[in-house]
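Labels for the chains are A, B, C and D, by order of writing; each one numbers its residues from 1.
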Amino acid sequence: MPSRPGYAHVTQVPTRWADNDIYGHVNNVQHYAFFDTAINRWLIEEGGLDIHGGDVIGLCAESHCTYSGPFAYPDVIDVAMRVGHLGRSSVRYELALYREEDEASVAEGWFVHVFVDRETRRSAGMPDRLRDALSRLQVPATEEASS
Amino acid sequence: MPSRPGYAHVTQVPTRWADNDIYGHVNNVQHYAFFDTAINRWLIEEGGLDIHGGDVIGLCAESHCTYSGPFAYPDVIDVAMRVGHLGRSSVRYELALYREEDEASVAEGWFVHVFVDRETRRSAGMPDRLRDALSRLQVPATEEASS
Amino acid sequence: MPSRPGYAHVTQVPTRWADNDIYGHVNNVQHYAFFDTAINRWLIEEGGLDIHGGDVIGLCAESHCTYSGPFAYPDVIDVAMRVGHLGRSSVRYELALYREEDEASVAEGWFVHVFVDRETRRSAGMPDRLRDALSRLQVPATEEASS
Amino acid sequence: MPSRPGYAHVTQVPTRWADNDIYGHVNNVQHYAFFDTAINRWLIEEGGLDIHGGDVIGLCAESHCTYSGPFAYPDVIDVAMRVGHLGRSSVRYELALYREEDEASVAEGWFVHVFVDRETRRSAGMPDRLRDALSRLQVPATEEASS
């Protein structure tokens, strides 16, 4: 299982042929798909999120990415994440993307989920199991500072 | 030609079937594809950017989006844009996304392009025609402030 | 409203920046997204298909495409379609893709929808309004033969 | 390394969040992205295809898929492939998609690559190393017949 300093969890996402755009590198839009995919996988597998029928779902309220270098198909990407702020019905993830074989990240970003009732789309408290899973992604301040 | 207060140009982008995710609305990642598509269209059609063989290309250095409501297929989206900062080799676009039939935006964001040499990928000054096209997307401070 | 000989309806789909792959043309996968988007738009707008909550939904059972030339962003694509076979619970669409400004098609294909109950995913008869909308996409044999 | 009866090679492709469409399963279009991704990975890693600057590139001439069941995020997909026909400048791949944990395939298809000169886009013979790599994906008739 890969790990990355300063982050609590790493998910590997292999790139796909069509992630490459005309400039021969992974299109900037796909970085957000890597964030989305890693985050929801944690919510489903660790947090018990039922994306098909659960009462509470997570909607993206804000996202951000800075790019310091390229990925290209067929790279495998390490999506490292930790939880920055964990509220009653929202959470802010901090993420970094690495080529599997490199130490320095190629992109960094963050992503805010607001949990809402599936039907009304109004803010809803997270279920305990979900919140517990997210709390396991928090990183002690000192460790984060040294990253 | 649609227009939106406080923005210099509007490009219409119809949604596609698969933009809708499991929650029945356009996935948050696609908003960046709407940005990317509208920006590059301006660069190509107005700025003379030659994406196939030109010496200078634009790479995304940073992007951001805040989401205040959903889109859903088959919506048509008005992608409104203006240029905030215009440098020698970089530009910051400010964008807002609207449902064609609504007055209030559903998402807002920004996007930074750095222009580089296609081969070396080192920072390069924008060609005059490109820079001129971008300058036409600048909005006077008073107009912007009132938006 | 554009029309194409031998086809009953045309939907315009503008390409997006990231449709272009590393070879500078629209990736072959996207052609199926153009099919999907044009078909479902007809089903929703003319056939009354309720993709969010209706009892009956359409699933793809088979699809096919032959490619005779490239598209590239920022092309606008005319997606021409007609209905070949129309059954009780299934329909076969025949499609052709054109650059807006050209007479010859660049790709041709077909797509089979099977209508099923949303919950059980078992075969279900089409609602009358849907079937009626699909019947309007049928083209008389003589007209089709001459295309 | 996973294997599948009747096929010469298996590539694993994990699904992504946004592969799921509004019906809660992987959109039919993505199946072709799975084909594309597995095929090109073999061409690059085994066949020496240089997608960034090589003289010869592969273009899709025809593709097909039949769907017998759904995938859903977060499934991992086994993309099994073999070469059916191998010509001087073209190749026909036969593919099947499986959920990692299942024995029966969920979709089957084929895909034809025509190799062309990157600049002129005219038909070009495959380089020896590429052709050799493709020949290793051929399956003896008896084995194929029994699959």
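The working rule: a contact is a pair of C-beta atoms (placed from the backbone, for glycine too) under 8 Å apart; a residue touches a chain by one contact, two chains touch by 3 or more.
Since we're looking at a predicted model, the values are computed, not measured.
> Which chains does chain B share as contact partners with chain C?
A, D
> With chain centres defined as C-alpha means, what is the inter-centre distance between chain B and chain D in Å?
Each chain reduced to its C-alpha mean, chain B and chain D end up 35 Å apart.
> Taking the mean of the CA coordinates per chain, how far is chain A from chain D in Å?
The computed centroid separation for chain A versus chain D comes out at 29 Å.
> Go ahead and note the Å separation of the Cα centroids belonging to chain A and chain B.
Comparing mean C-alpha positions, chain B is 24 Å from chain A.
> What are the residues of chain C that contact at least two other chains?
17-18, 20, 22, 24, 27, 29-30, 33, 36, 51-52, 73, in rising order.
> Which of line, ring, star, complete and other names the graph you get from chains that touch?
complete
> Name, in rising order, each residue of chain A that touches chain D in their complex.
Result: residues 13-14, 16-18, 20, 24, 33, 36-37, 40-41, 44-45, 51-52, 72-74 of chain A touch chain D.
> Name, in rising order, each residue of chain A that touches chain C in their complex.
17-18, 20-22, 24, 27, 29-30, 73
> Mind pulling up the chain C residues that touch chain D in the complex?
My answer: residues 22-23, 27-30, 32-33, 36, 51-52, 57, 59-67, 118, 121.
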